[in-house]
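Given below, in the form of structure tokens, are the structures.
Presented sequentially are two complexes of subunit A, the first with subunit B as partner and the second with subunit C.
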Partner chain A sequence: MSLVPETDFGTKAVHSDKTVTVTIDGQRIAVPEGTSIMRAAMELGTKIPKLCATDTLDAFGSCRLCLVEIEGRAGTPASCTTPCAPNMVVHTQTPRLKQLRNGVMELYISDHPLDCLTCAANGDCELQEMAGAVGLREVRYGQDGANHVSARTGGCDNHHYKAKDTSNPYFTYDPAKCIVCNRCVRACQEVQGTFALTISGRGFESRVSPGMDEPFMESECVSCGACVQACPTATLTEKKVIEIGQPEHSVVTTCAYCGVGCTFKAEMRGQELVRMVPWKDGKANRGHSCVKGRFAWGYSTHRDRILKPMIREKITDPWREVSWDEALLRVANEFRRIQGQYGKKAVGGITSSRCTNEEVWLVQKLIRAGFGTNNVDTCARVCHSPTGYGLATAYGTSAGTQDFDSIDQADVIVIIGANPTDGHPVVGSKLKRRIREGARLIVIDPRRIDIVETPHVKADYHLALQPGTNVAILTSMAHVIVTEGLANEAFIAERCDIEEYREWAAFVSDMRYSPETISPLTGVPARLIRDAARLYATGGNAAIYYGLGVTEHSQGSTTVMAIANLAMATGNIGRPGVGVNPLRGQNNVQGSCDMGSFPHELPGYRHISNDAVRKSFEDAWATTLDSEPGLRIPNMLDAAVEGSFKAIYIQGEDILQSDPDQTHVAAGLAAMECVVVQDLFLNETANYAHVFLPGSTFLEKDGTFTNAERRIQRVRKVMEPKNGKADWEVTQALARTFGLDWNYAHPSEIMEEVAALTPSFAGVTYEKLDAVGSVQWPCNEEHPEGSPIMHVDRFVRGKGHFVLTEYIPTEERTGPRFPLLLTTGRILSQYNVGAQTRRTENVLWHQEDMLEIHPHDAEQRGVKDGDWVKIQSRAGEIALRAEITDRVAPGVVYTTFHHPLTRANVVTTDFSDWATNCPEYKVTAVQVSPSNGPLQNQLEYEAFSRESRRIAPAAE
Partner chain B sequence: MSRHEPFSVARTEELVAQHLHLEGPLLPILHAVQEVFGFVPEAAVPVVASGLNVSRADVHGVVTFYEDFHQKPDGEHVVKICRAEACQSMGGEELAAHAERCLGVSFGQTSADGQVTLEKVFCLGLCATAPAAMVNGDLRGRLSRAGVEAIAREVGR
Partner chain C sequence: MSSSKLVTMANQIALAFQAQGEERALPQIRAHVEKFWDPRMREGLRVHLSQGGDGLDPLALRALAD
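Moving on, here comes the complex of A and B:
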């Protein structure tokens, strides 16, 4: 094995219909017009020396190494900034160029330490490589002149010298090694869009400066690492590389954090992960990543990982380590006993949106074919189930309509109930870049999220609505579009059911949806609603990006359909730059839904009652399947409390922390007789478990994840599972204990079964994924290479379906007792329940969940910044610290749910989406009052949690 | 009594607002900030950045690029002596050293009592009457040792 090769062409690819032909060192090449000489040369395999150029950044022309000679032109222009012109004859190596390059290198090296042998970048340093390439043999200036290298020079303190900045937990900044090529500064600006870096001073004083010459951690830096990746020397270096050394091989794999699905080169030394480097050919991330994917993987070797199976009789007992056989047999015996005693349907399971498609497939197969029940659900229940329902109803598929590259062609971007710069940072960066290029931005969100106003990006309209009024706002926007004659009649006539459209148009045109009527309800000025609607309808390609702020409401499904209506009514569907794009939360939540995790659907979103579909599975699996839908997660918990549901197998999901109304979830789990948890860590749900099966990380297994753009990407094993078995092997072993004759030798065999039984996956094979990198489903005979954009000529369901979206306010209302609305979300450095990110250095950015409260509401309650406050709802109460900010509107408070001891979900209620039971996390009426510290229930939970994690010492 | 106002966020915001309509308002704003406060205080940078919707780093890069933006308050008197080629050829370097001695302060520094700041400048456009200097904004040509001493007396040295 070796490092995955990646060619750096020096400058970006150019798209043009015209080509020009040039001759470089005697070789002719035709390139698109606008291509730099440097890139054209590299296409021929000719490396022109360079330091400040790299193909992820715009050409800069500062390092003066890439000079070339062009026949008929005076001077020696820089090849990175000079475009190819027709019939140009270029020479990249001449005596004159050699002399110039040597002279430049001498200057660089005269102010650079000569510690190559002990330098962390040794073997991966472009300066070193260039010194070799230009044939540098001596440095006439010596090393004793003015420099940035030595702390003392000529017996005095060297005021040019700056000590290494080690403030960031993941990388160091050593100004002594900096050649001021600007690549880090440009990466921060162009790729990440944070603008945290600059060059301070000028001339010899020039230095890379985070913020205002601050340490990295105090600057605006979000630690995405784009600068580290761009740095050609050891100036910005991963601490892991300093600690371990250079990697010797790498493997391309897919990130296990959010639904963006970034692909990385996992750079390894043996079985030790050295660093994750975003893969330039990754079609979801195009060589970029965020702090989580690039740096926050330390959890995979964290000491808290449980590596041996464990069992216990009662949840008050300490855990006892046992063999795999004993643990699996315990599960099989208990499930059989319970099914014998309470009936077949007294058991069920939950698939994991963090595990691979293949693993999800096996878990749902085990539940349906092994347990003989359809009681299977997944965490999408609590996040994007309304997306599945809403988009399937309107268009015919339960997924987003675009690929992420489509953003590059959007003219108007609408972000509703999503916080992409925090939740989906790589998409956030892509959106910001497009907005800097001139796209207009509409944000519909109760909070002033970062993208509303961040350096060089500003929303044209921010509709800061009251939580729970999405449907009102969107239907009102439809009102404006229809009544002002902005609908795309031609598109509607061709693509949609015209009768339904007319009915819908009449419905939205009613005065009760005029912005003037809706304004007082939502707190958004009528003018803003009108302006936003007009811009969406008339601003060119308009694309909607939305998140859980849309779905996690009692009207979640209605909101999704209201979004679908807007896109259809304006013809913004079926081509690049437009569409309806749910930003899926977890790495494989799209995949877990595709793989048949819902109690009413077999894989590929086909209803369980469909006899033909069911028969195909029954034939393949040699079993009979129940034709009745099973229980959803909340129904399982309700049934458990009632006494009819007794055992559950939960793979990689922490329902106790992540699901709403925690007290009820706890009661449900406590009422069960056998709770089986398969996870990396003793998570919160495991407090109530009787059997713990250790899980494996994404680094330890093969498989596939499907991201938010329906892109199926390979996950590749880079190290042996520390627990001895990949998760699919655990499920297979469990199935065999249940008497099922499963013999998958590799996840690719599971994918063969998926492809054989699921039409939209029919063309998916590991061979294809290895060959083309990734495909977007549907991938079948009709679309052999997958489908980047859906509904191109017609909607999957046939005619687009307009649904009347009546606004019905949630039952959860504010009143004198609970006057504020709580909404929940997450932040950049932490991920979901935090089980992974809390076990990394990311805690330096976010140690605890805080309650954001507006200064006005805080003052009324005598709350100061950093004070402990109690937050009460009808469901429960907790305490946490307050952060006073006008990011939230008066009347709205906000918190995250990353830390289990906060117990944020004690407060959220059991209200849920009418169609899918997706919980209403985003609206809870609460009161906030000063507190002295954590509440009794939090302290008790902490004690209980500690108690229930005890592991008995191994018997001699 | 200083001729400058003490720094305030509100005043900085006002200065930002006054120039926001200009194309490329950053430099005019920084000039105004320096005019009013006598220098560009570090605390002004985030205010200017937020007013222009750019990052702190963006503004800091510009402030530190230009020699004429000062990050610390100047002395009561500012003496700038040209160190460029024409003045050098007319004995400017020796005068510069003399100025350091007479004023009791090195180039780029402000005296401990806050009375005088000595700065180097690269060409005042007075090459024909080199060596040249500038004292509190007034130009001086054909500078001699006696002239430097006169300047020292003028600024209270």
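Moving on, here comes the complex of A and C:
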């Protein structure tokens, strides 16, 4: 094995209909008009020396190494900033160029340490490579003049010298090694869009400066690592590279955090992971990443990982390590006993949206074919199930309509109930880039999230609505579009059911949805609603990006359909730059839904009552399947409390921490007789488990993930599973213990079964994925290369379906006892329940869940910044510390749920979406009051949790 | 399953379809429950209906009682 090669063409590819032909060193080449000489040369295989150029950034022309001579032109222009012109004749190597480059290089090296042998970049240093390329043999100036290298020079302190900044946990900044090529500064601006870096000073004083010349950790830096990747020297270096050394081989794989689905090169030394480098050819991320994907993978070797199966009789007993056979047999025996005693439908399972498609497929197959019940569900229940329902109803498919590259053609971007710069950072950066290029921005969110105003990005309209009023706002926007004659009637006539449209138009035109009526309800000025609607309808390509702020409501499904209505009414569907785009939460939540994780649906979103579909599975699996829908997660817990649901197999999901109304979840789990948890760590749910099956990380298995753009990408094994088995092997072993004759030798064989039984995956094979990198479903005979954009000529369901979206306020209301509204979410550095990210240095950015509260509400309650406060709802109460900020409106408070001891979900209620039971995390009526510290229930839980994680010493 | 939860859920479903008018709403309410509720939930609701359907919205009552 070797490192996956990536060619750096020096400057970006240019798209143009015109081509120009040039001659470089005697070779002729035709390139798109606007292509740089540097890139054209590289396409011929000629590497012109360069330092400040790299093809992920705009050309800059500062290093003066890439000079060329052009016949008929004076001087020696930089090849990175000079575009090819017709019939240009270029020479990249002449006596004059050689001398110039040598002189430039000599100057660079005269102010650079010569510790190459012990330098972390040794083997991966562009400066060293260029010194070699230009034939530098001596530095006539010596090293003793003015320099940035030595702490002391000429017997005095060197005021040019700056010590190494090691404040960031993942990389170091060593100014002594900096050649001021600006690549890091430009990466921070152009790729990430944070603008945390700049060059301070001029001339010889020029230095890379995080923030206002602060340490990285004190600056605005979000630690995405784009600067580290861009650095040609050891100035910005991963601490892991410093610790381990240069990698010797790499494997392309897909990130296991968030629904963006970034692809990375896992750069390895043996089986030790050295670093994750985002892959330029990754179609979801185009070479970018965030702090989680690039850096937060230390959990994979964390000492907390459980590597041996464990069982216990009662949840008050300590765990006992046992063999795989004993653990699996315990599960089979218990499940059989329970089904014998309480009936077939007394058991069920939860598939993991953090696991691969193949693993999800096996878990739902085990539950349906092995347990003989449809009691299977997945975390999408608590996040995007309303997307599945809403988009299937309106358009005919349960997924987003675009690829991420579509953002590059959007003119108006609408972000509703999503915080992309935190939750989906790479998409956030892409959105910000497009906005910097001139796209307009509408944000509909109760909080002033970062993208509302951030360097060089400002929302045209921020509709800071009261939590729970999405349907009112969106239907009111529809009112404006229809009553002001802004609907795209040609599109509607061609693509939608026109009768339904007319009925819907009359419905939204009613005065009860006029912005003036809706304004007092939502807290959004009528003018803003009108302006936002007009811009969306008339601003060109308009694209909606939305998140859990849309779905996690009593009316989540209705909101999704209201969004679908807006896109249809304005014709913003079926081409690049437009569409309806759910930002999916977990890495494979799209895939887990596709793979049949819902209790009413077989893989490919086909209802379980469909006899023909069911028969295809029955024939393939040689079994009979139940034709009735099974229980959804909240229903399972309700049924458990009532005694009709007794055993559960949970793969890679921590429902005790992540699901709402934690007291009820705990009661449900406690009522079960056999809880089986398969996970990397003893998670919170495992506190109630009887059997623990150790899981494996994404680095330890083969498979596929499907991201929010329906993109199916390979996950490739880079190291042996520390627990001995990949998760699909654990499920297979469990199935065999249940007497099922499963013999998959490799996940590719599971994908063959998926393709054979699921029409939208019919064309997917590992060979195809290896050949083309990734495909977006549907991938079948009709779309052999997949489908970047959906509903191009017609909606999948035929005619687009307008749904009447009546605003029905949630029953969760504020009142004298609970006057504030709590909404919950996540932040950049942590992921979901935090089981992975809390076991990395990411805790330096977020050590505890905080309660964001407006200064007005805080003052009324005598709460100061950092004080402990109690937050109380009708479901329960917890205490945490307050962060006073006007990001939240008066009357609204906000927290995250990343830390188990906070128990944020003790406060959230059991209200849920009418169609899917997706919980209403985003609206809880609460009261906030000062507190002395954690509450009794939190202390008790901490003690219980500690007690529950005891592992008995192994018996001989 | 506790009838109060089932009643809440059934009422939410009924309200969501109400805007379409009773004639179109009734079969859709029924179909939604058929399509997404596990049999024990449907049975729970049936038992509750047989005891008078206390707390059910009139539309839900008309859609689900038969």
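As a convention for this text, the second predicted complex is superposed on the first by the 956 of 956 C-alpha atoms of A that agree within 3 Å, B and C clash if a C-alpha of one lies under 4 Å from a C-alpha of the other, contacts with A are read in each partner's own complex, and residues count from 1 in each chain.
As a working rule, a contact is a pair of C-beta atoms (placed from the backbone, for glycine too) under 8 Å apart; a residue touches a chain by one contact, two chains touch by 3 or more.
Remember, predicted model here, so these are calculated numbers, not experimental data.
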Regarding the shared-chain residue A:Gly523, is it in contact with subunit B (first), subunit C (second), both, or neither?
-> neither
Most subunit A residues touched (candidates subunit B, subunit C) = C
Tell me which partner A:Ile199 touches in the superposition: subunit B (first), subunit C (second), both or neither.
-> first
Would you sort A:Gly630 into first (subunit B), second (subunit C), both or neither based on which partner it touches?
-> second
In the superposed arrangement, which partner chain does A:Gly61 touch: subunit B (first), subunit C (second), both, or neither?
-> neither
First (subunit B), second (subunit C), both or neither touched by A:Gly724 | neither
In the overlay, answer first, second, both or neither for which of subunit B and subunit C A:His456 touches.
-> first
Complex contact set, residues of subunit B against subunit A | 42, 45, 49, 53-58, 60-61, 64-65
Interface residues, subunit A side, partner subunit B - complex | 194-202, 205, 209-213, 219-220, 453-458
Contact set on subunit A toward subunit C in their complex = 345, 374-375, 507, 554-555, 557-558, 599-600, 607, 609, 628-632, 635, 638-639, 642, 644, 804-806, 808, 811, 910, 912, 914-917
Touching residues (chain side subunit C, partner subunit A) in the complex | 1-2, 5, 8-9, 12-13, 15-16, 18-20, 32, 35-41
